[in-house]
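Each of the next two complexes has subunit A plus one other chain: subunit B in the first, subunit C in the second.
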Partner chain A sequence: MASFTPYTYFQCPCTDTNLPTRRLGESRPPSSSSETEQEDDRTFDPRAPRANFSLYPLEHLLYCEDCHQIRCPRCVLDEIVTWYCPNCLFEVPSGVIKSEGNRCTRSCFQCPICIAPLSVSSIGAPPEGLGAEYVQPSGPYVLNCAYCMWSSKEIGIQFEKPNGIYAQLSKVKNGGTPIITPKERRKDREERSRDSSVPVVMEEGISEEGEEFVNLDVHEELDAESQFANLKAFYQSQLAEASPASALGFTGGDYGYGSPGALSRIMGLYTGGNFADKRSKSKTGTMREAQDALEGLQLCNTTSDEETITRLRNEGYENTASVAQLKEQTHPAHKHSVDDLRPIAYLLRTKRSQRCKTCRHILSKPESKVQTTRFRIRLVAPSYIPSISIRPLASSQNHLLTPFKPTQFLLTFKNPLFDRVKVSIATPGTTPGRFESRVTVLCPQFEVGANTDAWEEALREGAEREKRRTKAEASEGQLQAEAGKVWERGRNWVSVVVEVVPTSLKADVLMKEEDRGPVREDEDVVEIPVFVRVEWEAEGQGDDTVVGRGEKEVKEKRELAYWCVLGVGRIAQV
Partner chain B sequence: MSSKRVSNMPPPPKPPTTLASTLIIAEHASLTGTHLIALGANTAIHPRTKLISTFASITVGSNCIISERSIIGLQSEPENDVEREGLVLEDSVVVETGAVVEARLVGTGTTIEVGARIGKGAVVGKHCKIGPLSEIGEGEEIPDFTVIFGNGMRRIDRSGVENQKLKTIARQVEVLRKLIPSNLAKFQ
Partner chain C sequence: MTSKRATKGEYIETDTGNKVSRRSQIIGTTNIILGGKTVIQAEVIIRGDLLRAHQNGAEKQGTPVAVAIGRWFSHYPLKIADHVFIGPSSVIEAALIGSHVSIGANCTIGKFAIIKDYVKVLDGTVVPPNMVVPSFSIVAGRPGRVVGEIAEGEIEGMDLREVYRGIGNG
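Then we have the complex of A and B:
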């Protein structure tokens, strides 16, 4: 509570339906703060619950050069440029993502215990004799965590080859028993349906079926992936039967369950009326549910639950997987013990480009190569909008604001543009919220110099430089701000003074009865909404027309207006 | 080097030592104290290692590696007779840079990693791994094969590769023998 860092948040106008730019574009003197209040019943309230969603630090914002507007993470569209593995930095084509999923399919794994990267090492006996150190180590191999010393040997998994671990791992269960891959299952399923003359199992045919197929057990315990694969295959075959292909090759016209029309029919189930009813009636009774493990049915047996409980009892806390460990696993629902955990294949990361939602222009585009961190396009707000920094004018030991004691703050506007900008700032006379502190901007209108070369400034004549410093006039030690004057000015920055008279946090200052109550969280922070309007003359954007006319420089007037919130300090609770 | 201030104080008395002939001990290692310091065969002591036997004796087994800026030995008066018996590092113990060991016993094959602290009178079992910057309290007993990692997380290592690790340490000592110029005579 003792320390408070002043902050500045910028409001993205995307949450506002009618933009403040248009409304305040006219020549309204922003100095008259009382007028602001009267005319403007829509003063931005940083304490409104919705304000949280539109306020961002300047660094989080982008700027669209075509719309001339601030863009926040909510009003941009993200597009994935590349997928890559953060461990091996291998770029994964998007086609592979669709078929293989969003994990690295090479040999990159994280430790299931401590998430450190795993390395492949050989556990075979090292060769002995002359020149033994030159011989490549031979298998079997294990995944090994150098940090917590976990090894895949502990879950009974070893590998024959040191590469392609993902493929090898997907074939073994914990303990070393092989997993029947979906491909093998499909083959088996096809074989079965070929053997039996009946294409899909009839009601009474379960026992016979079970005898016919040696490969798969009807009461097999499936893991989540194969159960899903079985169910999917089963329902697909059901769908295919329910809507047999028509002569044209379409499945049953528009009425099949697999058709896109099915969704709209479901959506209209309650509102649509007759059409849906008629169709669904004609379809009743044609589908059945999965009946055995081959079709993806898993009976929930209570003994396994009891087994789990006894296991938890016997093995204790040490061998129980923690929530954090289970969170990283792909199918955590069936895992309880540390022995059930599997190495975590690295989740792929993406590089994204951002587009403006309104004009679809690209605002940010990283280099597609994984190794480079450069951007091709990056229109970030800090290079278009003056940054605002806050600092108390008189440095005091006490970080808290004393009620009713006028405190002055220095706002420094720094111009990133290569043109001079005219800045007008306006604040409401009192801060919004229950506790109204009085706010006065001493110099609401000023001009900030262009962001020219830093050396140019240094090489200029000393006299000119001195003139810029109005502060020098103030006598030493006596810090006194003068209304209507800039406090201090530099090459591309200007400091102005804002005076705040904090209110008391005692309930008796509150006028309305219903407002009374204890101070809520962060209500003691003085947050000042500031409306900033920036005007500058930029070189013409429509380059073609300018060149066509043969004119050299056409200056275009620009303006940008937005709300900011300045958090200046906490009020002392006396 | 000439500008270096030379202390007028007489050098502290050398502690009594029993050093194995195959010991690798750097010249800049510091052995202080009054109790016996026994260092085993094929053990490597890096420069700037501190072995303090002021309060109790220190016994280091063979094939150990004690890295620079680590401190071995009690730093305060022992509180009971068990602690007074002295500090024992068994064979193939690796103490990494900046670690502080005040334990009563550290078992064979244990690695104490960078900046870890082992409290006074603690007993660390065999083949343990004490992760970087982890701390073990005074008088604590760590069972064999414990791995301490992260923010005080513990597990029992069941990978069964301890023999290979011992071989690795032996190989590492052989490399250090070439790298560290040993000056056994200084400490005898």
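Then we have the complex of A and C:
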């Protein structure tokens, strides 16, 4: 079995702020109040399915200085500071995001087979002769994967230039045939509507006079993007025709389909309200549906399905794209085999600032520049909340806990604050869950010193170490922790002992019949819920009330209470 | 790079305050720049002898070229910044490793990969050649991909001062 590392998770109180306040007034079912329980008689159960969503390592938590509360990723708001490409690390302005989408539009691509980055390389003959090193390699260029040796040549794509691959790639289909860009399509559409006075009557070759004009086929097979563009253009023109613009520039009497008037009419459709006025009834614009590829109609092609099946049959599994590969692609529904896959433009990444959801104060704000790693504001929980580390007291080689053998653990609380804090910890007598181990905290109340200057620590270190050693030696003699006493104490840390009597994982220790059954996943881990209350006297912060009272330092009493979960070890299955 | 302070321990301490395991292989030491507080563990291979064919202007032609005698080439310097931890049996062929990077055991960092600051590479990852790992990423898998972000609170934990002090010829 893999070795077990003890862990501590902190519960963010945001998960139960709603529930208890509402429940407090309600009458509680009398069955649960029989046990001797704490003041608000709920102990936190780390095994409850909901607990999964409220437990975090201390490092993942933030701390709101205004609410004086822990904030977890669920109770903060993220705001995007910068968008950038994770490959070329270029910042992308938000305006470009809106027009170009959330992918890098430079030359950053991922391999469609293995997602490793692709690099551009020349496949032209290398220049030879004197000074050949200084000659720029000539095209054509391909995208190469240095991890799985895939190359864009496999899908028949080559590039003329080594830069601006995104733009070049958007113009070629797999196999090398050019894609008609949306711009060209729009031009075509405009030509068509100008040429034909009758709305859209199909005429081939309307555009002989256009010099680089692409003649679009009525039965063309469109890819998803151009089909959408065609459909959109078609329906827009239909809407415009159905409700012709009035002289004022507004669309006609019933405000068209895209107007708020139309919306309210649709809202009143079923309630039979008076929104549906007569005017709209009198004039029903006739709208037709798309008729050909130029208008975005794609007929279902049965032969292409058959082709796909025969291809699958002939080329076998190796040439079929996997689900993971398709997931990375845009429009995966149209792709089946490996040859259909296209290089994946890198998804942009963001730098985000975080705000407290309740008071809207910023909790963390990175510098907006991509290359810097500094933060302007960073209120993280580890600089406000004592960290808890767990260590078995007796250094045993066996990392499994023996059932019914009392085992002692050392909890070390380290205070990050510049004030001394008073800590009280409480645990339920037995761990929750089917297998109840008994837990005793030998010293539930103690004080932890302030986190004073680091220099002081350095100076004191020598002496302290000595002290620690003597303590350790002393402990070897007795190996018995005294109740009510701190085990060890340092400048800003305190260690206390917790004794655990693990239960047996055999089914016969279970009291209730319905609990019986095999040990489920991770049920052998002893998880102790601990309620921690931290009290300290902080210097009054620059609040107006505090300043008004006088220049003297006003000490403010602070209190913070939260649940933690300590995972101490696995019980041996005998 | 290494000052041979004759200590018979597992690690060699360099002048700039790095700890390099005696059982690691470092090739092309003249091309490797180490920052401070870097820990390199046993059986690590670091290659500073990667060559780059001299191609003007061409974008990142990431093809390492075999030794071509008589032809003009340049060694590609490998820069490893501060607070970098390299776990046992990892192979490093990167171009740059930023500060506060922790690389797990049995990793392979591909040729000319660039790893920015505050990155965690989990055990057994193969970072493909030419990959750029942006700051505050957690990388895992074969080939490596960014699987997560470093939380704001974890930054202090990536400082190697404590680890550096703890490790060594003791």
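Assume the second predicted complex is superposed on the first by the 432 of 574 C-alpha atoms of A that agree within 3 Å, B and C clash if a C-alpha of one lies under 4 Å from a C-alpha of the other, contacts with A are read in each partner's own complex, and residues count from 1 in each chain.
Following the convention adopted for this analysis, a contact is a pair of C-beta atoms (placed from the backbone, for glycine too) under 8 Å apart; a residue touches a chain by one contact, two chains touch by 3 or more.
Computed from a predicted model, the values in this text were never measured in an experiment.
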Of subunit C and subunit B, partner touching more subunit A residues: C
Which superposed partner A:Phe375 touches (first subunit B, second subunit C, both, neither): second
Partner chain in contact with A:Tyr147 - subunit B first, subunit C second, else both or neither: both
First, second, both or neither for A:Ile123, with subunit B first and subunit C second: first
First (subunit B), second (subunit C), both or neither touched by A:Ile113: first
Partner chain(s) touched by A:Glu306 [first = subunit B, second = subunit C, both, neither]: neither
First, second, both or neither for A:Glu318, with subunit B first and subunit C second: first
Intersection of subunit A interface sets (partners subunit B, subunit C): 114, 147-148
In the complex, subunit A residues that touch subunit B: 113-114, 123, 126, 142, 144, 147-151, 153-154, 318
Subunit A to subunit C touching residues, read off their complex: 58-62, 84, 86-89, 107, 114-117, 119-122, 133-137, 145-148, 162-163, 349, 354, 364, 370, 373, 375, 378, 380-383
Complex contact set, residues of subunit C against subunit A: 53-63, 71-72, 110-111, 116-118, 126, 128-137, 143, 145-146, 151-157
Subunit B to subunit A touching residues, read off their complex: 129, 131, 147, 149-150, 153, 155-161, 164, 167
